[in-house]
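First chain written, first letter: the chains are A, B, C and D, and each begins at residue 1.
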Amino acid sequence: MSARVGVVTFPGSLDDRDAQRAVRLAGAEPVPLWHRDRDLKQVDAVILPGGFSYGDYLRCGAIARFSPVMETVIDQARAGMPVLGICNGFQVLCESHLLPGALTRNDHLHFICRDQRLRVERTATPWTSDYTEGQEITVPLKNGEGGYVADERTLDALEAEGRVVFRYLGRNPNGSRRDIAGVCNEAGNVVGLMPHPEHAVEPLTGPTTDGLGFFTSVASSVMRKLVS
Amino acid sequence: MARVVVEVMLKPEILDPQGQAVQRALPRLGFEGVTDVRQGKRFELELDGPADEAALARVRDMAETFLANTVIEDYTVRVEDAGDTPDLAAAAPAGETAQ
Amino acid sequence: MSAPRHTRPGPDTVERAAATPDTPQPWAELGLKEDEYRRIREILGRRPTGAELAMYSVMWSEHCSYKSSKVHLRQFGEKAPHSDALLVGIGEQAGVVDVGQGYAVTFKIESHNHPSYVEPYQGAATGVGGIVRDILAMGARPVAVMDPLRFGAADHPDTRRVLPGVVAGIGGYGNCLGLPNIGGEVVFDPCYQGNPLVNALCVGVMRHEDIHRATASGPGNKVILYGARTGGDGIGGASILASETFDDAKPSKRPAVQVGDPFQEKLLIECTLEAFREGLVVGIQDLGAAGLSCATSELASAGTGGMRVDLEAVPLRDSSLTPEEILMSESQERMCAVVAPEHVDRFLALCEKWDVIATVIGEVTDGDRLEIYWHGEQIVSVPPRTVAHEGPVLERPYARPAWQDDLQADDAARLPRPASGEELRAQALALISSPNQAAKSWITDQYDRYVLGNTVLAFPEDAGVIRVDEETGLGVALATDGNGRYAKLDPYAGAQLALAEAYRNVAATGARPLAVTDCLNFGSPEDPAVMWQFAEATRGLADACQVLGTPVTGGNVSLYNQTGDAAIHPTPVVGVLGVIDDVARRTPMAFREEGQLLYLLGDTAEEFGGSAWSQVVHGHLGGLPPRVDLERERLLAEVLINASRDGMIDAAHDLSDGGLIQAVAESCLRGGQGARLVVPDGLDAFTFLFSESAGRAVVAVPRSEEVRFTDMCRVRGLPATRIGVVDGTALEVQGQFSLPLEQIRAAHENTLPALFG
Amino acid sequence: MARVVVEVMLKPEILDPQGQAVQRALPRLGFEGVTDVRQGKRFELELDGPADEAALARVRDMAETFLANTVIEDYTVRVEDAGDTPDLAAAAPAGETAQ
C-alpha cells in the first residue's frame, strides 16, 4: 500500500500532470481531484499545483480559492492533512488564509523562468522531512507574481516560529521580503512555495532531481502516521 | 440599473513595483515633477437594480472578500450614474472605504 | 474606430439581392478588385448580399486566399519528395507526420506581423493563440511553441516599444496556456523597423487514430460554435489589416485590435481533447482569420457542401453587431465542431464541464450550398467551394531587380580584415556582444520552458527537444531558421540555407529530420522585384526539400511587409521537425568535460557575404551568401545522428551566423568550460574563426571515442578536422589571442539587458 | 502638492477577459445581480506643484502617450485633494476624458 496524494485541477491549472508524475516517481499514488468536487477521495495529502487558475485574473489564486474543492481542503488542512501549494497553489493557500502574507507582482515586472537555488530552512514538515536543514537545492522557478509580502510583524513572527521553510539563495528573483521562497502554517502541515519541485524530479527534464524530496517526504510522513 | 465603482489600491506600506516603474520612467519621457505614483485596480460593476444601501452593502462585502485582498490592499466603493459616458466620468461625491 | 459598418433597415437578403441588382455595393472598400466583384456576381447569378460580400471579401483577401502566392506554393506539393512519414500532406490546417510507435506529430508556423506592430502585446499573444488552435483542430494535444522574431535596429526607440511588448505577449499567452516555449529566433535589422516579424510555431502530438480533419459531412449533423463570445474584434482585419501596407496616415483603417484570452484557450484545449477522446467529433475547425466566414465555408467545402447556419444563434459580446460583422469578426478563442445528433448532449456537457460556452448554430444539409439565415431570413446562399477554395489566383509579374547584380558584385571579400591577434580578439568580442549574436536570455527567461515536464532541450540549444513517450523515450526535435541577409543577396540560395540550417540544427541534437513547415515573410507582391524574391525563395525551398527528403507539410505566407517602397529583406523562415527514438541520447551543445577533443566537421572556405562579421564590423551587406551543398548537409546530419546513437560525441553545435568563434564561445559558456583552439593548416585565422561556410558543426569527442569517430567520418567522406580541446577558463586561439570566459560571458549576456532591461 | 488620478479602462468594444472572469465568479460566491464587470487600472500621481491647467495638460499627455495604450484603452484624468485620505476618497467634480 502506498500514500494517496491528491492533485487538484482547477480550470487553468498547468502543472497538475507534472505534480502527479512527481508523486508517482516518489512511489506514492497520485489521485486527480477536480475543482468542482468537494470529495477528496480519501487522499492522505493534497497538492495544489502550479498554473494560471482562472487565468490569474483578478489576482493569482483569488478565484480558485472559492471553488468547492477548497472548502474541503481548507477543513482538512485545519485538521492536519498535509497540503502543499506550488506557485499558483501557494497563491491559492495565501488567498485562502491558510498561509499568511500574499504574493505580488515580481519587482522587475517580468515573468521569470530560471533554475533557482534555495536553502531548506525547516525540515519539520511532512513535505521537507527528507531534506537536511540548511540543505541547498536547485529547482525551476517560473512566475510573474512571486514577490512574497507580509507586514513586518507577520514576517518577524514567521522567522521566530521557524515557519520560513525555504529561502532564495543568490540574487533575489522577485523582490520577496527577506528572500522568502516558501512558508508553512503554525502546525507545519500546510506548506507553500513559489519554485517548482515537481519540475526537478528527472535528470532528463529538470535541472536536477532535487525536487523529488518533497514527494518522498510526504509519502513517508503519511506512511509513518498510518503505521503509528 | 446602476454602476458601482470599486477601486483597489495596495496598502501604503506595501511595495508597489508597478507604480515605481512608472514613476522611474516618467523623467526619461520628459515628465518631471511627479513625486510618487501608485498603481491600483478599478472595477466597474453594472448592477441590475438600483444602487441602494442594500446593494452597496453587498458590493462592499464583495470587495472585502473577493475584489480586494485585504492583507495587502485597501478598497473604495462608490456609485456612478449608470448613464455615465467615459467623457463625463466625474465621480459621484459619495465615497467610502474600508481597510 | 470600427470597421466599415453598413447599417440598413433589415438585413440584405438573398431575395432582396435578386430583386435589386443595381444596388451599389462597397466592394472596393472591402478590398475587392472590380473583376473579383464581377466574378462573385457571375458565380451567384445575381449581386451578392451584404453578408455574402463580407464573406467573399475576407476569404478572397491575400491573407486567406493566397492569391499572389498560390502559383508558387504549388511546387511544394509537386516537388514533394516521397516520404513514408507523411500522414496528412499540404492543404490541411497543418501537416501530420508519423514519428513511430503509433504517434503522429503535427506542426505549423504562422505569422502575426502587422497586428504585432500595431499592438505588440496583443498582436503577438493572439498569434500564439491562433497557431495553437490550428494544431488542436488536427486532433493533437499542443505540446510546445516556438517564436521566430525579427525587429528593427536594436537601439531604435520603436524597437523598445515593440520588442518588450511582443515578448511579454508571447510569454503571457504561452505561459498561461501551459505550453513550453522551446526555441525561436531574434534578429535585429533596420529593414524590419516598420515591419517587425512575429512568427509563431506550434507542435502537437496525437495517436494515429486521433487525426481529425476540418470537414462537415453527414446531413443532419450539428454545427456547434464553442469558446468565446463573438465581438467586434478585428472586423475587416483579415482583408484590410493583413493585406495592405499599414500606414499611419489612414487611422480609419485600423481595425479594432483582437485581444487574447489564454485562459479561455486553455479551456478550449482541454474540452476539445476530451471530445476527441470520446469520439464525439466528426469534423472540427478553428476560427482564425475571417472567423465564421472561413470556418463555415471551409467546413462545408471540405464536406459534401451543404450547411445551414442560423447566425442569430451566435453568442455575442456586443449585441449591436450586424450579420456581416458577425461573419467577419476575428474574435479569438473560438472553435467550430461538427457533431452527430446523438453526441450533441454529451458534447455540450463537456463544454459545460470546462465552463466553455457552446451553441448549436446550424447543421449539415444534403444540399450543396452554404445557407446562412438571420432571424429566419436567408442572407447567404453560396457554393462554399467558391468562397473557401476557388478564390482568385494571380500570376503576378516578377522580375529580377536591376540592383541585384550590383549587390552581388559588392563582394565582402574586399572588406578590410583584422590584421593582428589583437584585432581578431576585438572583433570576436564585438561579434559575440552584438545584438544579433548576443545571448537572448533576457527574452527567453520570460518563457516557461518546463511546463508539461517533457522538455529535454530548449533554447539556447540548437533545437528544442520534446519527449513524446515517457516509457520509450521517443521524442521530437524542432528548429526554425531564416537569414534575411542571405536571402536578400540570393533568395533562391537564402531559402535553401534557411532549410539547411534548421535541418542541421535538428541533426545536431541527434534527431533525424523528417518534415518542414515554412513562413514566407516578404514585401508587397505588387512589386515585381519582391515577387521575384518570392518566386526564387519558394523554388529554392522546394528544390532543397526534394534533395533532403523533407516534404513541406504546411506553412504561411505574409506579404506587404513593407513601408513605402522599402520592403523587408525577403525572409523565409523554415521550421524542421525531426524524430529521436530515445531522448536520453540527445546531444546537447555544452562543452562540459575538460580534455575532450574539438572537431570541426565540414569544409571552411572564405565566405563572408551576408555574414555577421560583415554586418557587425563593417555595416556591410553585399556579395553572395555561403555556397549551398545539400548533399554535404545530408552527410553531416548522418554523422551527427550516428555519433549520437553510438555515444561517440558529448556535445555538438552547428555553425551558422558568426561562424566558428561564435559557436565555440556559446558552447563554452553553456558548459562553463574554456577551450584551446589551433588554426588548422591551410586556413588563416580570420577565415577559420569568422567564415560562415554552410554544412559545418563543431563537436566535442571524448578521447576514448576519437578513433571510432574519426574513422566513421573518414569512411563516410566527411572532413573532420581536429581544432582543439576543451580546457581551462578562457577561449584561446593559439598564437592569436585569449579571452577569459567571464569576459565573454559579460559581453554576451549584458547586451540585451542593457538595451531593454 | 496635489494628487491627480488617472483611470484607464479598456475601450468598450475591446474584450476584457479579467472583468469577465470576475463577473462569472460572482454568482458562485453568492453575489447575484451584477450584469457586467469591467476591470481597469488606476494611477495615483503625486505632483510636486499645484494641479493647475499646465500640470493637468502634462498629465493628460502622460496618460495619452504612456499610462494608457490608446489603441485599446480610454483614460480619464481628475484631480483629488492631496489631503485625501483613502476613507474620504471622493473624487473632485472636474473630470475629463480622451480617447
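We adopt the following convention: a contact is a pair of C-beta atoms (placed from the backbone, for glycine too) under 8 Å apart; a residue touches a chain by one contact, two chains touch by 3 or more.
For clarity, every value in this text was computed on a predicted model and none was experimentally measured.
Pairs A-D and A-C differ in how many C-beta pairs touch across them, and the larger number is found at A-C. If each chain is reduced to the centroid of its CA atoms, chain B and chain D end up 7 Å from each other. Centre-to-centre separation of chain A and chain C, using mean CA positions: 36 Å. Averaged Cα coordinates give chain A a centre that lies 31 Å from the centre of chain B. Contacts with at least two other chains are made by residues 261, 263-264, 355 of chain C. Shared interface positions of chain A, i.e. residues touching 2 or more other chains, are given as 54-55, 57-58, 66. In chain B, the positions touching at least two other chains are 66-67.
If touching chains are joined by edges, the resulting network of the protein chains shown has some other shape, matching none of path, cycle, star or complete graph. Here chain D touches chain B in the complex through residues 7-9, 19, 22, 25-26, 29, 31, 33-49, 55, 58, 61-62, 65-67, 74, 76, 78, 86-97, 99, going by the rule given at the top.
The touching residues of chain C, counted against chain D in their complex, run 1-2, 118-119, 122, 228, 231-233, 254, 256-259, 261, 263-264, 317-318, 331-332, 355. Contact residues on chain D toward chain A in their complex (touch as defined above): 17-18, 21-22, 25, 28-29, 39.
Interface residues of chain C, counted against chain A in their complex, comprise 168, 171-172, 175-178, 261-264, 266-267, 354-355, 444-456, 467, 470, 583-584.
Those residues of chain A that touch chain B in the shared complex are 58-59, 62, 66, 94-95, 100-102, 104-109, 147, 149-151, 175.
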